[in-house]
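Below, chain A partners chain B and then partners chain C, in two separate complexes.
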Partner chain A sequence: MTDQAVRPGPALALRSPALRLIGNRLATAVPVLWGVTFLTFAVIQLLPGDAAQQLLGINATQEQLREFRDKLNLDDSFLVRYFHWLGDVLTGNLGNSLASDQPVTSIISDGLPTTLELLLYALVISLALTVPIALLAARNPGGFVDRVGMVTSMAGLSVANYVLAVVLVYVFAVKLGWLPAIYTNNTGTLGELVKSLTLPALSIGFPLFCFYTRLLRADVLEQMQGEDYVVTAKAKGVGPWRVLVRHALPNSLFGLLTIVALNLGTLIGATVIIEQIFAVPGIGHSLLEAINNRDVPVVEGIVLVLAVIVVVANLLADVLYAVLDPRIRYGRSAS
Partner chain B sequence: MRHRVKPVVLLCAVAGTVALAACGAKTNSSSTSSGSSTAAKGGKQGGSLTVVLNSGYDGAWPAGLDPVTNTNGAANQSLMNSIYGQLIELHEGGKLVPGLASAFKFSNGGKTFTLTIRPGVKFSDGTPFTAQVVADHINKVLKSPCTCRPTWPVKTVKASGDDVVIDFAAVYAPAAASFIDSNANWVPSPTAFKKLGERKFRVMPVGAGPFTVVSDKLSSQIVLKRNPTYFKKGRPFLDQLTFKSIGGDEAAYQALQAGQAQAYENLSTPSLIDQMKKDPKLQVTQQLSTSPYNIQLNTNAPPFNNPKAREAIYYATDSEAIRSKLFQNRYPSTQGFTAPGGLFFSADVPGYRTYDLAKAKALVKELGGLKTQLGTINVLVAKQTTQALASQWAQAGIKTDIKSYDLGPLIQAFQSKKWTAMLQTAGSYDPAAGVGVAFRYASQSPFSGVHDKKLDAMLGQAAGTLDQGQRKTLYDQAAKYMNDKAYSPFLFAFAPASAAAKGVTGPGLTTALTAVVVTPSILYDEVSMGGGGSA
Partner chain C sequence: MGAQLPEAEAGGAAATLAVAPTVAEPSARRGWTRNLDVIIPGALIGLLLFLCFVWPLFGTVPPPTGGNILDANIPSFSPGHPLGTDQVGNDLWSRLLYGGRNSLEIAFAVNVIGLVVGGLLGAFAAFWGSFTDTVIMRVLDVLIAFPSLVLALAIAQSLGPSKLHTIYALSFFSVPAFARLARAQTLRLRERPFMLAARLAGTRAPRILLRHITPNIMPALVTFGLLGIGVTIILEGALSFLGLGIPPPQPSWGNMIFDGQAVLSAEPKLVLLPSAFLFVTVLAFNLLGDALRARGNAS
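Coming up: the complex of A and B.
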């Protein structure tokens, strides 16, 4: 014990619950990422169609097809190609697109910032709407806001986001002319970026808001009705809004946080579709095209990056848990 | 060529209203021009135009825009023409007009085709556009994998002074017409290619066309600006031209309504066409078809190795009902492989077996039942048509299993030779060029269900005849022979429409042009944001 106190470095770090948590999560992330890449590779092999024929087109001669396959080792077995790709990835090389011969890293770096901006904007919209509406609904269950919120949520959850996208464009772009119908951020200014991404972000964020609102409302209500600390606070004469915001809400945010992190994969799936509709030049657009072309290096590269984002987001959620709730100390439960 | 993109060939395409072109379309066996024959009368100089393209077809350029390596070149004609210009252009009225080549002619009885390269032309990088450069390019693209590569019976391609001399092994009548749907038409700068390297050239190509590339994000957006050294004086009108890939017709319509785009090239959803025609802010122009929909029957395998089974399909198919009820008479009827926008059009084929349910039922009964698969490409019009056909055939007792394919699996289905029936398009501006009649019906084609030496000879003879009148007679005879043998029922000649914002003018956007492969090759050097536009 004394020795450890004298030598703070790595040993101290190992004793830090937060760092141990991060270490554990990163360790579990490795097999997760490996599994994702392996499954993606396998699924692409199972798709009907031949990559060489798909990429070279209908007029390619047998000789051209053979040359193409030889050049890219397409005739090697699935496992050989996979481990060859994995070996390159471990050295930081994601390979080149089979279709355009452009480096996968440049395809990702071109599109990823826009996709992340869209994802972040969608999350901000959904959470910025969720918290006040859920609190207002929970403050007066069965009241006007609660009922309107319930109807809105049900409607929002029933409508696919690509349908919502069309409706939003019709109202805000076509009829009102407030926002562009497609991505038009050619100057790169923040204002134009926000304008360009508002409708795509709303199309993704609104269904999330509907889902999160129902969840948070229910959780806050449960806290308000059944928890001792709420009764104590009320008994101390704390006002109802203060009880709601300062006591019930922080406890309810854990559930929301978990769902937000778990939902990230779904969110990325929605982004792929929405990017198509709004002509957003993100990696969702590139991913869809690469799947159609059987462009394995591009698909694998993008899926890997997206998987890393999901893993990191979940890790951050776990860490945030510990930060938000002093009762939670990871790694102490065993002791 | 790939599906979503793609099916240039397999896709279906091309349409029409009736045409100026048709038989009256001219392919000059010898032609010269000053280079700007599609008359722009007082088009407004300047302005920026944004065109949205369907991400599933012409809005996909995943392999980049080098004509040698772009396997989707046939679908990317607007982009390629805007960057590289064209040696030979297809103008209104179905006229082939010299572009970067100032003249073209046949000699040696049709076995030699000579292009004279316009003197003094430079690529946008300032290097000279010479006959040697063009000859080298043609030799290169003859080996390219694009669906759009020339399929000529070529012996040699050589430069001689300002001429490019192409010697054929046999008379090849569609030589000029075959330029407009091939990558031989788009000549890149060899100096820029050498300087940039193959990989970078795919993204930032350099040509001698009306525009130069400012930025290019593959299959997403390409921004072009006016090429001040373009050989046509006063062209292009536009200062900037942007192509953006978009998810489909509905999204394109909304972008046009909201003003973020001013043109859309490949509109094919029937209900949207009607809706857009009523929109006071838009102009919708139906383009001219060159490729009719046909039902390909695999005559090498059961059940369609039996002529009676093929006849049953003819009699059970009510193409008029599909044309009028499903597509509101938008697409003209045709009984052969020619269409109103292309050369040698004949709507009717003598003795054609039209819909006769009683005869179809009798034949099915005689055969002891008939079962078939009916495949097609994943395209709305094609899928709607296969569904209609299956229900019509069911009334005659024919059991049909419908399948729709992406391009790759569709190619494989053809190559496996296990297919039974496919709804496809057959034909092109000149039936012997590009994805023409031989592509679907010649013995040597992997995409043919017919292996008939007599038909091969008939099509070969037509392609080897310079006289246009004689060629028409030969194609009429081939169409009749195909009908006599019940090789393939034809339905209607589909073509997409173009939509443009009010004020925009240009050939192929606001006037009808003949479709080259699937869509017409819009002449963006003549497109203007106002004024007289094209004649």
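Coming up: the complex of A and C.
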């Protein structure tokens, strides 16, 4: 009987708290996604005066202007244009670039893989450093590793990624000549890709590492000082490192995972500027180019895709958190 | 569900904004040295403010723009140009000070707007609850879901580069971040006896908001604002770096770094000096915010 109460059969699955939580999150993600599309459209369409005049310049003839307005339906009201655009977006049509007439979807699919590679590389660098250093710091709070780590991370949090990028270029490309100052991927081999993405990934990854290390250290310390399961483990005679790595760390990692996902929007902003500095042909590079050309459909398309990635990542983090954390999985509230 | 990241930024620096639990470490120091963690960054900020805002008024600082091309690339420690000149002949020291003035003015404006507008919105949402709360927070969720720099870029481009437009664009991030914090803080207060007493005494809502909620949530908001200033300075630099913030020839640390990048190997000081100023300023605000936050948590 008790066994049944704890583990509901398949018929009761839909009443499980985890699924309800996932349903809840999905339900809130939909209005947020809709808001994101609306805001994307509004920012770019509402703010400038006459898009046609701006795009074609002051020398455009009346004919050209009219043709252009027809092409973009600029004479319709804002809401009509919005729903028109939204309808196109829902059928997967993001329009064509005004500058090159290329479909926006192909511009995005050209740049997105490089951007994702860069992001992944930066995340790998930061997390690979964060876990051991945060653990060493938490093992002996106030000790050498902890002090050096905290000072470094405070400094790292105060350095802008573009400053770091320029300084890294100065040291490793100009002075030492170890790594290329700009993205060069002629042969397309993995080695060359890694080599040309190392400085950009470091510029993004180092501040992230500093941020994550502070969070993880604080969280692990909190677990070690306040949680009953740590006391139990210690009382059983589990060694200090094992308590840290096997008991406290997994709990803290859930929290870090959420932060990584929540931080993704920031990270994407970082790639825009870093791609520009290192001439990485990613989606951020295309975005800036489109912004400078006032290429409205491309800007809207890219901003939309980036915003959707952020919303979906947050959603996934929430869901993953719920699935991984037994307290939420079994319906007890996790503080 | 984990600490919500209230604001995003360009360099992972907004990072500091996450409300991480600070483990209070008992200090062995006694007397005024116990306050060194506040005094040192505070003094540094004071010095920077003095240099950027007061010193140019009566010091001998040449104008930051309109330099003569014939004076280009004068080396450091030359008479009249303590740090030399840049590649178009403007005095570097003067540009650093006036650039800092721009950065600090924007950062203060953005955070004051965030504190007032966001703080009121958040407190209002939490106080009223139910439908108002949901609507306000959903709208802010949308803003938070946006890649911050991307939206700032789009807004700055639509409006055109200028100081005022940079403030508008960056306020889109400070407002939701402050609103979230104000809401969380107000929710904590809601069930406290003094709030109940105020309501039972028939105090009207605006008065409760201003006289009972505001004083209680203000310390947290101001501390958050100090950390926000660091983030805003970095974001403003990023916008200026991309040519969408302070329009050249007006100086900003961001556009100075960008301009200097072209001659990085020949004249590294044109990049390294504004970078150092940017770093020290942000560090000072972060250290001060962090120290005050640790105190807030301990009490």
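By definition in this document, the second predicted complex is superposed on the first by the 284 of 335 C-alpha atoms of A that agree within 3 Å, B and C clash if a C-alpha of one lies under 4 Å from a C-alpha of the other, contacts with A are read in each partner's own complex, and residues count from 1 in each chain.
Note that in this section a contact is a pair of C-beta atoms (placed from the backbone, for glycine too) under 8 Å apart; a residue touches a chain by one contact, two chains touch by 3 or more.
All values reported here derive from a predicted model rather than from experimental measurement.
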Query raised in the report: Of the two partner chains, chain B (first) and chain C (second), which one does A:182 touch, if any: first, second, both, or neither?
Result: first
Report task. Please work out whether A:174 is in contact with chain B alone, chain C alone, both, or neither, and reply first, second, both or neither. Result -> both
Report task. Have a look at where A:222 lands relative to chain B and chain C in the superposition and call it first, second, both or neither. Result -> second
Query raised in the report: Looking at the overlay, does A:276 come into contact with chain B only (first), chain C only (second), both, or neither?
Result: both
Query raised in the report: Between chain B (first) and chain C (second), which does A:285 come into contact with in this model arrangement: first, second, both, or neither?
Result: first
Report task. Could you look at A:307 and tell me whether it touches chain B, chain C, both or neither (first, second, both, neither)? Result -> second
Query - Between chain B and chain C, more extensive residue contact with chain A - result: C
Query raised in the report: Given the touch rule stated above, what does A:159 touch, chain B (first), chain C (second), both, or neither?
Result: second
Report task. Please work out whether A:99 is in contact with chain B alone, chain C alone, both, or neither, and reply first, second, both or neither. Result -> first
Query raised in the report: So which bits of chain A does chain B touch that chain C touches too?
Result: 48, 166, 169-170, 174, 276-277, 292, 294
Requested in this report: State the interface residues of chain C toward chain A in the complex, per the touch definition above.
Outcome: 1-5, 8-16, 18, 20-23, 25, 138-139, 141-151, 153-155, 157-159, 230, 234, 237-238, 241-242, 244, 254, 257, 261, 264-265, 268, 271-272, 275, 278-279, 282-283, 286-287, 290
Query raised in the report: Hey, which residues of chain B end up touching chain A in the complex?
Result: 1-4, 9-10, 52, 55, 60, 62-64, 71-72, 143, 145-149, 151, 198-199, 202-203, 217-221, 223, 244-247, 250-251, 254-255, 257-261, 406-409, 411-412, 447
Query - chain A - residues contacting chain C, complex - result: 28, 31-32, 35-36, 39-40, 43-44, 47-48, 141-142, 154-164, 166-167, 169-170, 174, 204, 206-208, 210-211, 214-215, 218-219, 221-222, 225, 254-255, 258-259, 262-263, 265-270, 272-273, 276-277, 287-288, 291-292, 294, 299, 303, 306-307, 310-311, 314, 318, 321, 334
Query raised in the report: Within the complex, which stretch of chain A touches chain B?
Result: 48-50, 53-61, 64, 97, 99-102, 110, 166, 169-170, 173-174, 177, 180-182, 184, 186, 276-279, 281, 285-286, 289-290, 292-295
